[in-house]
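These notes open a run of structures that come right after.
Here chain A shows up in two complexes: once beside chain B, once beside chain C.
Our next item is the complex of A and B:
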């Protein structure tokens, strides 16, 4: 599998609906053979971007390149991609078999070839016994597989997925995550996957593109996005519970945090906080027991925060000294919300991974 | 129904039965008169002898075979033209964007409100200008573009999920391919329902064919029957009723045979 080469390039793309911008000057490049996830809250423009890549909608300005060629004005079917929809978009009047080979028939692939590919794909998806059924006679998970089979059989290098797992129950979703990732790896597909579910993004993605309000907040591996969020938005969006943000005045002067006047924010994950001998004194607000961990809500100088303690440790006293892992802290500019990378500690794992991507 | 008492039930069932009886009475009379000798036209006697002579004499007295052919040609031609034209128009109104879309659709809806009989004279003038007077095409032509069909199919097409449309386009369907492979199959129930309405309406249509035709080669059944009833047979009710039954039998039989499919189609198409 050849990765690293840019397969889809989005260049300064904007999409206006009336006077509101669903996408505002977005630029990103998605690499060949990678699983890229567009992640963001509802209305952030992630589905709009996917439809633009598919050619189902046209951008107001900017350019989209697939495999180096500008695809502006090109019909969806000429863009060499397949797509899986949230509702699966199976044709209710066709059987499973007809649904899977629909695209091949439309494109005039010979019958022998169609049946050969069908056998392979149906076996791969476990649909061989269901080929004669109508979509209405299938469970949600089976419908999902048919939709996936229809994308896979096209043998196109790019597969776009629009929240394909959101209609499945939790157990099935977890299974399908693993399966989707395995299929993508086995076939070397370039996948662009839209979701608002950060667990899906974290578990499947090679790279996550975090979006908010029509803009890209951060592009990075799951580790980078989690450990080194580029903006306050990403810090608050990724992670359950999200990253705690403290005004710098509470920590100023310790562990390389610049003494400040409240212009900066210190971001710390709940698991990067602990009870210490000395440190700023926090006040206990409540404890949530989760089995493996306890989530402790507390307050420090007017800022509520959450720390994660192992359940084996004793619950904290009513007032305790707060300690933190300084190499894990993130510093943000309070006004712009941007990460102040100059204060980052050298941290081996995420940057190393990034480095390999850059040179591959 | 909430709290239906015995009295309510008797009233409702009784009223229904009475209406059904009143509705079917003419048909029952036609059957009675057609299958009995002329002597029993206005006399009810269970022991009256049955006969098929009325049908034989009606069939021999007028060119009903030709009329049947004309009517079948007529309704088939109208239905095919309506389905082709109105499916295309409905698809355009449901899924394409073009200038003047709203105004055009409003005009089509307004056409639904215009009584066709008002247009008889204008239509006749048009047909004469086209040199089509006394042809089967002239009977059908004013009905080819049906506002009702456009409206019904547009509403049906609009209920088809957008994602199916998107999926077919990603898979490589052209615009017409999309219509043929996705919209037409999914619109079938509505088309079947409309087909029934159209066939029965044009099978029974009388005034316009009466005006525009004047020869045996073009007359449909309805016009042929009326001419037969007024001039040739006078008051031979038994023969007239036999002819009437013959002309309406195909529709009646067709409906009885496909009753379930028709009712289902109507339910699915939302016409009740």
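Our next item is the complex of A and C:
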């Protein structure tokens, strides 16, 4: 499996609906054989971008390249990709078998070849016993597998998925995450996966593209996006609970935080905070017990924040001194929301430092 | 259930029951009984003739003409109105400028009374100054009297039915097309499925229940709708547009041979039942119900 090479390149793509921009000058490059996840809140333009790649919609401006070639105006079927829809888009009047080989049939693949590929794929997806059923006779999870089988049997190198797991229950979703990732690895697929669920993004992605309001906020590995959010938006969107953001005045002058007047924000994850001997004094507001740990809500100089303590430790007193891991802190410009990478400590993890966020 | 509840239940059902029996079931049964008797006239009372009225039909040239006409009329109007309505539905299913205007135009004939429609078409067909003749004259063809000629009158009447019915059936097809999710079309597009292939493999099977429903209605209407015959031809010229139902009307209410009319009615109902039931059984295997 060869990875690293750019397979899909999005170059300054915008998509306007009337005068509102669903995508606003987006540029990103997705690598071959990688599992790329488009992550962002509902309505941020993820599906729009995916549909542009698929050719189901046309961009207002900009270019999309697949395998180096500009695919502008190229029909979806000529782009050598498959797609799994959120609604599965199974043909209700066809059996599982007919649904899976539908594409091969309309492309005129010989029957013997169709059946050979079907055997392999059906076995791989655990659908061999269900081939004679209609979609309405399947559970949600089984329908999902049929949709996946239809994509896999096409043997096309790129697979686009739009929130494929969102209609499944939590347990099945967790199983399917593992399975999807395994299939992608085994077949060396280039997957572009749309979701608003950060757990899906974190667990499956080689690379996460964080989107917000039609723009790309950050492109990076799950570790990079979590540990070094490029913007205030990413800091607040990734992580449950999200990263705490403090005005710099509260911490000014300590641990390399520039003394300031509130023009900067200090970002700290709940697990990077702890009870210290000395430090700014915080006021306890509430404790949430989660089994493995406790989420402590507190307030520091008018800013509410959450810290995560192991459940084995005693709950904090009503007032306590706040400590933090300075090498994990993020510094943001309060006005632009951008990360101030110049203040980063040496990388805490072995991951490569990469703050490419391609919206300027 | 106790007695009181039963009595209440029957009391509730009573009004509907009375009307149904008085205006549907009793007449049907009486019609069937009457068809075995002769028509009573003045002092001569009705006498039982058994299948006499039915035997009479076989020797009645106008009845035979009416049967042939009805068959031809049904064979033309049913497929033509269904195909036309499906074509119109496919046309206005997409969105483009003026699509609502187009939908409304297609639907307008449906809301007009058939009597009014017939009068409009009489003007279209009018020899000399009618719309069709004016076009014929422009392209240098001689004037033609479509409604007045025995060899064209039936087709002229059939055209009105098609024009009237297609818009109505279009609504059902349009509703059926709208229920096909857009994502099916997109999934097929990614697989490289062309428009015609998609129509054949997906659209057509999915709208099959609607097609069945529409075709049953088309069959019933082919025998039921004769208003325009009254206005345009009165069964003529020379019985060229004599349809079964119109013949029943003439026999029963112009010649007052009510017993013979009753027998003709039984024939009509028998035809409709056989066709209707047959359609359901035949089509059932090919219909996809969700």
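The working rule: the second predicted complex is superposed on the first by the 348 of 360 C-alpha atoms of A that agree within 3 Å, B and C clash if a C-alpha of one lies under 4 Å from a C-alpha of the other, contacts with A are read in each partner's own complex, and residues count from 1 in each chain.
By definition in this document, a residue touches a chain if its C-beta (ideal position, glycine included) is under 8 Å from a C-beta of that chain, and two chains touch if they have at least 3 such contacts.
Predicted model only: the values in this text are computed from it and were never measured.
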Under the superposition described at the top, does placing chain B and chain C together on chain A give a clash or a fit? clash
Which of chain B and chain C A:234 touches, first, second, both or neither: neither
Considering only the touch criterion stated at the top, classify A:212 as touching first (chain B), second (chain C), both, or neither. neither
Considering only the touch criterion stated at the top, classify A:7 as touching first (chain B), second (chain C), both, or neither. neither
So, does A:136 touch the first partner chain B, the second partner chain C, both, or neither? second
Does chain B (first) or chain C (second) touch A:184, or do both, or does neither? neither
Chain A positions touched by chain B in one structure and by chain C in the second: 54, 56, 75-77, 81-83, 85, 87, 89, 91-93, 102-103, 106-107, 150, 154
Chain A contacts chain C in the complex at 54, 56, 75-78, 81-83, 85, 87, 89, 91-93, 102-103, 106-107, 136, 150, 154
Within their complex, chain B touches chain A through residues 161, 163-164, 166-173, 177, 181-182, 185-186, 188
Within the complex, which stretch of chain A touches chain B? 51, 54, 56, 75-77, 81-83, 85-87, 89, 91-94, 102-103, 106-107, 150, 154
State the interface residues of chain C toward chain A in the complex, per the touch definition above. 181, 183-184, 186-194, 197, 201-202, 205-206, 288, 290
